Each structure stands twice: as structure tokens, then as C-alpha cells.
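Everything on this sheet refers to the single structure shown next.
Per-chain numbering from 1; labels A, B and C assigned in written order.
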Amino acid sequence: METTLLLQGGLNGVMLGLNYGLIALGLSLIFGIMGIVNFAHGEMYMLGGYVAYYLVGRFRINFLATMIAGVAIVGLLGALIEKILFRPLTTRPKEALTSLIAAVGLAWVLQMLAVICFGELDRNVPSAFKGIIHMGGVVITKERLAAIIIALVLVSVLTLFLMKTRIGMAIRAVAQDKEAAALQGIQVSRINSLAFGIGCALAGAAGVLMAPIFCVSPFLGGEVILKAFLVVILGGMGSIPGAMLGGLVLGFIESFGSLFFTVPTVNAITFVLIIIILIVRPQGLLGHE
Amino acid sequence: MGMILLEVKNLTKQFGGLLAVNQLDFSINQGEIIGLIGPNGAGKTTVFNMITGTFRPTRGEVIFMGEEVGRLKPNRIAQLGVVRSFQLTNLFGEMTVIQNVILGSHQKSGVGLWGSLWNTKSTRRKEIESEREAIRTLEFMGLAEHQKMLAKNLTHGQQRRLEVAVVLAARPEVLLLDEPLQGMNHEEVRDMLNRIAEIRREGKTILLVEHNMRAVTSICDRVIVLNFGQKIDEGSPQKVMQNPEVIEAYLGVEE
Amino acid sequence: MNKRWIVVWIGYGVLLGLLLTIPLFTDEAYVFHILCLIGINIIFACSLNTILNIGELNLAHAAFMGIGAYASTLLVMRFSFSFWLAMPLAMIAAAIISLAIGFLTLRFKGAYFLLFTFLFAELVRILLSNFWIGLFGGIPGLTNIPRPSIQIPWLFHMEFNSNKDFYYLILVMVVITVFVMRRMDQSRLGMVFRAISQSETLTESIGISSMKFKILGCAIGCLFAGLAGSLYAHFVRIITPADFSIHAVLTPIAYVVVGGMGSVFGPVIGTSFLMILSHFFLREFGLYELLLYGVIIVLIIRFMPEGLISLPRVIAPWFGKLSTRERE
């Protein structure tokens, strides 16, 4: 009985961890390439959730199409935001601070718009994969299993994209040294848009995946950005494997913690742990310097 | 010349898989003007960054006035007397020319924070002294008439001169100038070279990264040639320029 | 130069005079309630501005106000301190805690300070809401916080029970705060802060420790956030953890950005303008008001990052054009 509980917790931890990892991945990507802390990242996740709510919930569209739609909509929105809001700020002084404030304002605007458009209440999103599976004594819903698998697929696709394709390598070049990349003929502004779009799309994908498992609400963004920051600090700002590792660590802490403690205690413990890590190893588990 | 002021031994910098600087050795004597040349990507700015503490050397040492400084923070190294300028113009754009220079001198000026907050008499005296000294530095660099202008509104050549003025204000022993002639026309180049020579006459030591080969030949006592992070030659500009290896590695940007 | 100086000081005098005479025109407690809240928010906004001026965004700034509020309240109510001692102690408490955080996180480039303050704000909220409930009062918080009073035996006795009386106290505090902010801005310290916010690498390369100054700036900012907190607690007389959450920082960010980030009076103008607008004209708007604040932040940052205070500078060229056209 004890081991089953632990295994259950472990599986849940994996799901939570991959979810957090996906979101933090996008955040780290954006920060690594553009140096912007995308405060509105949580809202991208929330929007992905609402895409799922409307497409799967209201219009009964199949899951694959919803996934594609969610990724596309949120990703394009991200690229658009980069173009009209963040890019003009790069030519002005104090870019780090102004883009930060812009992101904070944007997050706020998106959240309020969501409340106005979608209403304050939590909404349920029906599962695309109904049923449960028994695996060696552990029970898991097909929905959660699908979430795990699809998250893994997305991370793999992204990794391949960054490692093998020309555009992916261009992105990595810009992340390492913007000026050197520009000297080699890479159009940094286009890469920035792309990176921002991909980063947001990742958050949106996570939102689609998690929508049936947890509810959607306009306030989701605020809760999620907090977790994303925790993960990014844990794993190291700008580190992609760090984001996944940090996500898994957080997922496990939350999953196992909730077996023994109340939610506020788990949160408090998580925060204290993160603070300790920041003191002992400030660059995170996998960060540089 | 004088004694050895700055020395690097076995200086190496590795970024993940990239070996940017490889086992570099050289030394600079007091009062010399040394040129650090090489094609783009040879590692010159990385060497600067290691000397000034922006990067930590992966291996090797940076020794300034007999002390190992490779592990110190940039502001500490600057306080000790090694001050740099940057390859891409780096100034306090939103501040006036004179404010830029005053800031350059801040660390050595003795203006206390508490005193300046409450505008005490002794602080006001020191502030006036700082301003006077800043004007002297600006006159030396030929910018005194623009002292109230915002730094971002200067011409490119003036900005490069202001950068050197800010470096001078920090009262360095060694100036590390990263492409100070970049983007300048003939007039401005000649002007700047004269000023650099003047700075040396005042007893300073200068390490220069430059692509302008004629300028390097005319002003540098010695030249160190870098390619792919390694030193491939060292010596007088004339001797080095005739080295076929140098010519091959670095076809040079002839003005 | 001298003439301008005289005009400026006359301006200050007139403004102060106006503010002092408001009580002659009205006795309504509600008006003074708003004015006091505006004053407290001005102090908060100015202190936030201090940290923005070193190029950092302190998302835990409201949490530091909370530290000041709770510290002051507990010192007065639990340990029978006089308000006049509790308030500076609360300020110092906020400043010391900020020193610890600053030392931990301002060492690093990048967004560590931002992220950490975000987490810290949440941590403070969680701690205040769920732990040591006997001390902090949990989610409902602390109530019945006493108004300050001055008791000098045989000489002077004043209770700040009415909003009007508290208004005078707030006015004094605001004047002191703005004065200190102005002194800082004009001093070498302010210059170094501005330098750091413009280019940290350049600042380091001329021998100035940006870390030291950032920590100092953060501490000064949080010191005054503590002041705002203490005043708030003893004015409103009820404090809850939700008052000092991350959301509580967002509106003041709008105040500072709208008013003008780099200047001393920007936060004053921005806070006064937006709070008056909000309280007297936008009362009915509810959610839309919050949306409006967000939109304002984004628009101003995008199109007029120097805020309202730069308006004269922005408009002046147009006046120039107008007058030349008239001459033609």
C-alpha cells in the first residue's frame, strides 16, 4: 500500500513536473535569447487553457486540432506582442527595466481582459481521453498519461529543432552572443520574434494539456507564473535542461508534499527550499557562472 | 623602459566547447604602448575581459603590479588601476559630458555618500574640486566646450574621445583601449593618436586593440598578434607585419 | 539661475500653503481620508521609484510595506511601544530585511532580484496568513490598531483620532519623504544610481561597486516603504496579509510610470492624479478600472516612458511650431 501511494505520487509528480517544465522552458527560452523576463507568460498558459475550453468544450473539436490551434494562436500572439511592444523598447535606454514593466502591465491587461471576456468563475474542460489505465498497481487517467506523453513529445521536438535545424542553431547562436550572431548574418530581430513566439507557444501548449485536468480560470496566469519562476530559479535562468529538471523537482516536491502536508505548508516549504538553494547555489542546478 | 606592470601567464578561456584564448603569455612594461592585434574573433576582447575581471580565466594568471588579480571583480580591478574602454561605445548617454567624467573620477574623488546626501561643506568643496578636475580632463581630450551636452548627442568621434576621458578620470595606471579609433576619419584618428601619445608622456601605460594597421605601426612600441586565441607573433610593428604567418592570418584592414 | 531658484521655492511655498489650508474649506472626514491615503501612497510610490532608479523592479515592495505595518502594529499593541518609537523601528526592520535580500540577490546579473522579490512577496503573504496566527492574526489580520497620539505631560496633548488631524501628520511625512528623495536625487548618490541604471558594466569598469549601491538603494527604498506601512496601519486601523500582496504593488507601479520614473515629483504627480481620478471619477468602473491601469502602464511605457512629468518637454516643440506659424 505504501509503495503504491509513492508510485502514484511519483507519477503525479512526473505530470506536474513536465507541465511546469514546459512552461519554464518557454520562459527560459525567452530570457536566454532576449533577456526579457516575460511576466505575461502565465497568461499565455491561461489562454491555451481557454482555447481548449472553447474548442474541446464548446465546439467538440478533436484534441489534436485543438493542440495545434492552441499552439498556433498563443504562439502568433506572442510574436505579435514581441513586435509591437518589446521590440520598440530595445532602442531605448534602460531596456531591461522598461520591458519588465511592460510585461507586468501586459500580464495585468491580459488577466483583466480574460476576466471580462470569460468571466471570473472556474470552468471545466471535458477530457479528450476518457478512461483510466492500470499500470502495475497504479491507477492513472488516460488524460494524465496523455499529458505526460505529449509533453515529452513536445520537449523532444523542441530539442531536435534547436539542435538540428538551421533556424534552431541560429536561435542558439543569438542566445550565446547577439553581436557575433548578427555579424554572421543572422537576422536577430526575426529570431527574437520567433523565440518569443515559440516560448509563448510552449506555455500555451501546457495550458491546453492541463485544461481538462485542472480547471481554467482567468487567474490561472498569476498562479502559474509563480511556479514558473520557482522552476527557473531552481534550474537556472536561461538553461533549457535546467527548466525541465527544475520542473520535475518542483513537481515531485508538490506531489509528495501534498501527501503529508497542507497546501500552505507545502508552498511555504517550497519557498524556503528555493531560498536556500538560491543562497547555496545561486545559479541554480544547471545554470552557468 | 620601466618595470613589468601587467603580465598574463598561461591565460586560457574556454566557453563550453570553444577555446577562445589558449595559453597566452605576455607582459607589459610601465610606460609602453602595446598593440593587441588579430583578425575578428581572435580573442582580443576576451583577453581584455579577463584582464579586467569581466570573465574569469579558465586557467592561467593575470598579474598586475606583482599581484594576482584574475579572480577579482571588475570594479576592484579598476580601483587598483586597470581601466578599460569598450569596443562598442559605452557611455552614460542620458547624462552630460561633464557628468560622465565626474562619474569616472568618483571612486578616487573622496566624495562621501552621507556627506553628499546632506550637502555638507566638505563635500561641496570636494564636488567643486571634482568638477574642476573633470574640466581639466575634458580640456585634455578637447571636449571642454561640450561639457553640458548630453553624451548621446555627441558625434561618434566625440563619444570615443569622451570614453577615453572617462577612463582617464578614473586615474588608471594602465589603460585598456578597445578599438578607440573605430569609426573615425583621418583627422580624428590623427587627433586621437596624438592624445594617446600625450597620455603616455604623462606616465601611463596603454594596451590597445586596434584594426587600423597604420595607426598601430605609428604609435605602438610593441605588438602582440593573436589568431584563434593563440599568440602567433610578438615584437615591433615593422617586424611583425613582415611575418608571413601574420599576413596570412590577418590580411588587415588597411586605411 | 537665481531667478529660477526663487520661483521654484515660491512654488513650493504656495503648494504647501494650499495643502495646509484645505482643512479651512472642508471638514468632511471622507475628503481627508482620501487625502491621507494619497499621502501614504505618495510615500510608497516615491520609495518604489528609488528602487526603479537603480534599474530594478521590487515586486515585494508592498510586502516591505507590510513588514513595516505589522512591525509597527505589533510593537504598539503587543509591546506597548509608543507609535513614535514603533514607526522608526518598523522602518528599520523593513530596511534590514531588505539588506539581507539585496545582499543575496543583487550580486547577480539578470533577473534574480526580480524573481526573488516575487517569491519573497508570496512567502511573506503565506507566512502572515497561515503561520503564527496568534501573533499575526492570520488571514483576517489585525484590527483595532490605535491612532497615534502625542502626550507631553502638562504641555501638550494631541490625539490623531480625526482624519483631519492625521492629515497633518501625513503632510509632514510626505514633505520629509519628498525632501529626502530630492536631496538624494541631486547628490552624488543619486548620480551613481542613475549611472548604474544606465550601464552597470560601465559603472563597474570605472571602479564603482554596483552591487554596493544597489543594495543601498534597495534599503533606502524599503526604509520608506516601512514608513508607508506604519502610517497605513495606524491610519486605516486594520491590516490583512492581502493588503500587501504582489497585486498591491501593481497599481503603484502605474502611479510611478504615469508620473515619470526618473524624477522626484513624478511619483507624486502620478499618484495624486490617478488616485483622484480613480476615487472621484472612476468609482463605478470596477474591473474596467483595473484593466485601464494595465493599459495605461503599457501605453505609457511604450510611448511616453518618461511619464507625465516630461509632458512640458514633449509639448514645448509644438508650441514653438505654433508660434512660428503665427508669425507667418
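Keep this in mind: contacts are C-beta pairs under 8 Å (C-beta built on N, C-alpha and C of every residue); 3 or more make two chains touch, one makes a residue touch a chain.
Keep in mind it's a predicted model, so treat the numbers as computed, not measured.
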| item | value |
| --- | --- |
| Leftover contact groups, counting everything except chain C | one piece |
| Chain pair, A-B or A-C, that carries the greater number of C-beta contacts | A-C |
| Approximate Å spacing (C-alpha centroids) for the pair chain B, chain C | 41 |
| Inter-centroid spacing, chain B versus chain A (mean Cα positions, whole Å) | 43 |
| Approximate Å spacing (C-alpha centroids) for the pair chain A, chain C | 33 |
| For chain A, residues contacting two or more additional chains | 93 |
| Sites on chain C at which at least two other chains make contact | 198 |
| Numbers and ranges of chain B residues touching at least 2 other chains | 93-94 |
| Chain B contact footprint on chain C (complex, rising order) | 183-184, 187-189, 191-192, 194-195, 198-199, 201-210, 216 |
| Chain A to chain B touching residues, read off their complex | 93, 176, 179-180, 183 |
| Of all residues in chain A, those that touch chain C in their complex | 31, 35, 37, 85, 88-89, 92-94, 96-98, 100-102, 104-109, 111-113, 115-116, 226, 229-230, 232-233, 237-238, 264-265, 267-268, 271-272, 274-275, 278-279, 282-283 |
| Touching residues on chain B, where the partner in the complex is chain C | 52, 54, 73-76, 78-79, 83-84, 86, 90-95, 99, 102-104, 106-108, 111, 113, 116-119, 123, 127, 166-167, 169-170 |
| In the complex, chain C residues that touch chain A | 52, 55-57, 104-105, 107-108, 110-112, 114-116, 118-119, 122-123, 126-127, 129-131, 197-198, 250, 253-254, 257, 287-288, 290-291, 293-298, 301-302, 305 |
